[in-house]
Amino acid sequence: MRKLLAALLVLALVVTTMATAVFAEEHAQGVTDTEILVGNTAAVSGAFAGVGVPFNAGIEAYFKMVNEEGGINGRELRFTHMDDEFDPAKGKAMMQTLVEDEEIFAYVGHFGTPVVAATLIDLEEYGIPAVYFATGIGELYNDQAEGAQRALFPVQPIYVTEGEIMVVRAVGSFEAEKIGVIYTNDDAGKDMLRGAEQMAEQLEVTLVSEQVAAGATDVSAAVTAIKNADVDFIIAASIQQTIGTIVKALVAQDVNVDVITTYVNVAPVVAEQIFADIDGKFNVYGNGWISLADEEALANLALLGEWVGEEFALNPYSLAGWTAAHFFAEGVRRVGEEPLTWENFIDKMEEAPIKIPFGGEVDFADGLRAGTTVMNLSKVASAEGWEEVEPLQSVNVILGIEEEIEETDETGDLEDPAETEEG
Amino acid sequence: MADLMKHEATLLDIKNLSIAFGGLKAVDDLSFSINQGEIYGLIGPNGAGKTTVFNCITQFYKPDQGELRFRNKKGDIVSLTSLPTYRVLEQGIVRTFQNVELIRELSILDNVLIGAHIDYEKTTVLDELFNTGRRRREEKKQIEAARRALQFLGIDHYRLFPAGSQPYGIQKKVELARTLMSDPKLIILDEPAAGLDERETVELADEILRIRKEYDTTILLVEHDMQLVMKICDRISAINFGRLLATGTAAEIRADQKVQEAYLGVDA
Amino acid sequence: MSEFFGIILRSLEYGSIYALASLSIILVFRTSFTTNFAQGMIAMFSTYFVATLIHKSGLPLGVAFVLGLIFALLLGFLIDIIVIRRAAKLSPVGKQIITLGVLSIILGLTPNIFGVYDLNMPKFIPQGDMKIAGTSISYNALLNIGLGLLVMLTLYYVLHRTKAGLAIRTTAENAPVARLMGVSTKLVTMFAWGVAGCLSLLAGMMASPFSQVSTTFMNDIQITAFLACLLGGFTTFFGAVAGSYIIAIASNLLQVYLPQGTVWGKPILYILLIGFLFLKPFGLFGKRYVKKV
Amino acid sequence: MDRQLNTFQRIYKNPYLQFLIVGVLFALLPTLRAAGMVKAGTVTVIGTTLIYTIAALGLNILLGYSGLISLGTAGFMGLAAYCSAYFTEQLALPFWQSLILALLIPTVLGVIVGLLSMRFVGIYLGIATLAVGEILSEIFRQWDAFTRGTSGARAKYPKIFGMQLDQTGMYYLIVIITIIVFILVYQLLKGRLGRALNAMRGSEAAAMAMGISVYKYRLIAFGAATLLASLAGVLYVHYIRISYPTIWGLPLSLDFLAIIVIGGLRSIYGTLVGSFVIFAMSELVLKQIPYMENYSLVLKGVLIIIFILFYPYGLAHVVSDLRMRLGRRKTKVHPLAAKEEDIDG
């Protein structure tokens, strides 16, 4: 009896909250006349602190910048976050607290593969907008999002997509015919492999794959197997730590074939880790969705450095956090004087492509949820860093199916550079 | 040799028992038999193989050779060597250990109740899981039996203390009480007086005699304390280097040349 | 053939790392009867210390390494004095759980002390390689193999030819008897922890250039080391070393020559290992302990 | 010794009543939530903590009672979670059928691992179970058809007795099952079986001499431990609605070990308290204290060491320990004190 009573009570409460939030006022929860409350959960302690801390710092820096300039339409952006320790159960619990108790307007920068995987379903049930996912799991990919799925806005590349792009690069830029994939047994590695396999089938190139454990010290067996397969290009589908291990094992076994890896690894620390080992025997390329070639991107980078402080000025994760905040702010700006509701926000996000502060753009039109699909190419040039060798390009441009579209400095209404995959 | 087991009076017959550890013969062609109702002593100098004999009877060791036959609770003659260790108890043989083997953290009462483990056969795991009436009745019955045994040895008032917290003398008694729970035909005591002071030893002698009477059982003991052995044992076997030296009454053993030599270290 | 030889040669390098880690585990196990689950964390912590000296204080690798050895030695002493010594009367399970406490403390402290970033660790010999029987191998790999062997030979010599070694072996055989013989088992245990710390650091120094110094980089190695101890038997120093090389070689052979080897090689190795141990439960060289009643 | 208990004492000392009261207290939580007195996430944190309690209780039967160590608990919990997700989602079996299979499959495997314990003792068993856990972990990551690999296996809130549970309903189910588990475990272990397991831990020789088949009871202990871990796994996957491979690794197994040590070996309430310390404390307490949020691991470690060294009976016994220090004779025995045969393992 008590059970039923309690359930009814909860139901009543939820209904009233929703009702007050959606119908009685014109704005959604978390929105007042003076501020908009958003939040996220991210691991800022333990093994993932190195990612979570700068990521959140990037978000906070952007909001601080916006608020100093008077906010958006008179509202300041306020950011709250909790530490989920990368534990899905805790991430789920905190999401409930954030959405139901703190009544945030949106999730900005949803973080960590296990937590994101565990809470996607809850996000959809709440219908709350979630802008930017600091992970690239395949579940986020959706080319016809409907209903509550429309509230999810992945920005950074999805690993499956990146796997596709890596094969496209191998074929388009390096004329590879037999590609070897060394992938880690985590979500990043396996999803990139999936993408690579799909694209290899489409482009009719041979693909051989070998697995290594994420964080392993000994990956020599996988390298031996790849060497035996006699490939002419290698995709190292692994995120940081293991990429160095793989490259060094390739060097140790004289596999002098060019390597491409994911954007996650395009960071100075990785260059420092492997430059001396490569020693000019082969090139290590990396995708990137951030281009520091054009002036606007450089200006934004300087801006980030100004607001985030020296420690995180050149940190890839603070760049990501900054981007997350920017995408959210863009959506709010577009809503303008209209009531800031979830529905309105989602519509405006889809209205036109949104530019990434550091180059490229993401289009959410017609329920497309694929993250950024244009990538550039860099290579390890010194122990200090990477240098760009190819600008941001879509799959079709790399394959020479489409002409490259000139970069313009206009913001906003740029025509969609047709990045839908060619079937 | 005549088959002693044919005599109703014979409880345990050990014939040509041998066991070796890494080439060293711990027990060598040993034979003796125990009659119902006896208090039987096994003596010998250190390292003579007394405890090994015990371990062979209770199947902690599997002898290399020899027969161990026992008239069990049902009156059937069983060969002990064919049994796994844990099934020796149900035949009616129970033992104590040289270095008291109690569950230190459990209460004395619980320790004694462990001795009744096989008596519970009527209740199943399901009975326990759902705490059925049958289980509660059974448990009550066993607790009463355990307290009778503890009262018998005069330590019932300690029953709720953890066994490990009690002095050695009490622990020895707990072990003794535990043996009484299984309604044994043969109790094997491994150095029951070791570690006890003089008063406690006297008390022990009395207890052993009372146990035989009250619980109508047979007792086999290994002991260093000659006084105790000589005082209570009906018959005694003396062994050295795993071999039988002599069997007889206390007086006969005391007078035996070979036993004296073994104990005094005189060359044979 | 040269491929097979190459696999063996490379496995020797990884085997050396596992061997150092498992020696560290065995040394502690034999002298204080503690299964040290914190071994990997101790290695990680002191390797972080060395990496921090190199990156933040700009010390050369050699100097930082020597300071690191001192650090690891003191860390081992400290753990023994503060925690393990007080746990002397506990059962092995109790001590094992205590090392979980140590693990947790070190893991919790690391980001607070050394920061949240993974650090690169230079190799002892940065560059250069040579050919052996058609297989190229870097000087650093040769050094690692050599260092592993050197440490093991030294340890063997110390254990079997010196007074200190005798004290350790006696303590390992029977601590109460050792005490009766006048061996200060406390001192032995303390030094065992200290030396174990140094062995762990060396394993960490050899492993970290492959990847990076992070809070997790020793986890896999520690698990492998435990399995090596299991395979070799926890009772002998030699067994753990042999187990380490066997696992390193078997793991790579399975992965290369089995279909889908890099995917399923590891679990298959573990299953084989458990199967083998079911037949020989105390490992290749372990002795069964029979309790007298 | 035999003091007459007064009526009040008789009531509050009745273990069944105690369990019921605890259950009712937990069941009140969603109502408190509805009244706005606790946060939504708190209910989920507590629900998860109860789930972990069930699994830890299984390990307590194994380690606390039987003295057998397992470092594979998380693996078995995960296996049950994946089974339940697979049967309900992919095979679309009704919850009850799936539940039975998801409990049975890991338990059978657990009993097989129990067979290993016939051969391995002490640390050998610990590391062997660790290897089993690693194998399971690897299977969770690799066998995509069954586990959906690194995407994670999804499950729904279950439908029982024709009633579709929601999140709160699932919480009530967890509370009810937890209390039932408490009562059953209490009954199972207070009598003959509990004594037999104790005997096996305390002295295998004595156990055999008393007619206890060590073989049988080791298998029972492993079976019971895996069954509870499986139950916890099923509840987890239908509460959090996902099973992700990285959850079921060695760290979680080690956490279960920490739970029963901090809480108290052989104590049901201790296990509950231990779970709170390990899983809920950093959530509900530490993160509220400034500067402490980064030190939850350190605190956990310190607690483990302090409890093993100074409060070996765990938090559950702190009260009785204090009472004993104030006057009564010290009669407790360290539950993890070394025994003679421990030398090698």
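Going in written order, the chains are labelled A, B, C and D, and every chain counts its residues from 1.
Everything below uses one rule, namely that a residue touches a chain if its C-beta (ideal position, glycine included) is under 8 Å from a C-beta of that chain, and two chains touch if they have at least 3 such contacts.
Please read these numbers as outputs of a predicted model, since none were measured by experiment.
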item: Contact-graph distance - origin chain A, target chain B; value: 2
item: Chain closest to the middle, measuring from C-alpha centroids that were averaged per chain; value: D
item: Distance from the mean Cα position of chain D to that of chain A, given in whole angstrom; value: 37
item: Gap in Å, rounded to a whole number, between the CA centres of chain C and chain B; value: 48
item: Distance between the centres, which are taken as Cα means, of chain D and chain B, whole angstrom; value: 40
item: Two or more partner chains touched - positions in chain D; value: 142, 205, 294, 296-297, 337, 340
item: Residues of chain A engaged with two or more neighbouring chains; value: 45-46, 185
item: Set of chain C residues in contact with two or more other chains; value: 107, 111, 263, 266, 293
item: In the complex, chain D residues that touch chain A; value: 27, 30-31, 33-36, 39-45, 48, 141-142, 149-152, 154, 166, 168-169, 172, 236, 240-242, 244, 246-247, 282-283, 287, 293-294, 296-297
item: Footprint of chain D on chain B - complex, ascending; value: 58, 60, 84-90, 94-95, 97, 99, 101-106, 110, 113-115, 117-118, 120, 123, 125, 128-131, 135, 139, 157, 160-162, 164-165, 178, 182
item: Complex contacts: residues of chain C adjacent to chain A; value: 3, 6-7, 10-11, 14, 17, 107, 111, 116-118, 120, 126-127, 129, 136-138, 141, 207, 209-212, 214-217, 219-221, 248, 251-252, 255-256, 261-263, 265-266
item: Residue ranges of chain C in contact with chain D within the complex; value: 29, 33, 35, 37, 83, 86-87, 89-94, 96-98, 100-109, 111-112, 174, 223, 226-227, 229-230, 234-235, 263-264, 266-267, 270-271, 273-274, 277-278, 281-283, 289, 291, 293
item: Residue ranges of chain A in contact with chain D within the complex; value: 2-3, 5-7, 9-10, 12-13, 45-46, 82-83, 85, 87-90, 92-101, 113-114, 117-118, 121, 137-139, 185-187, 190-191
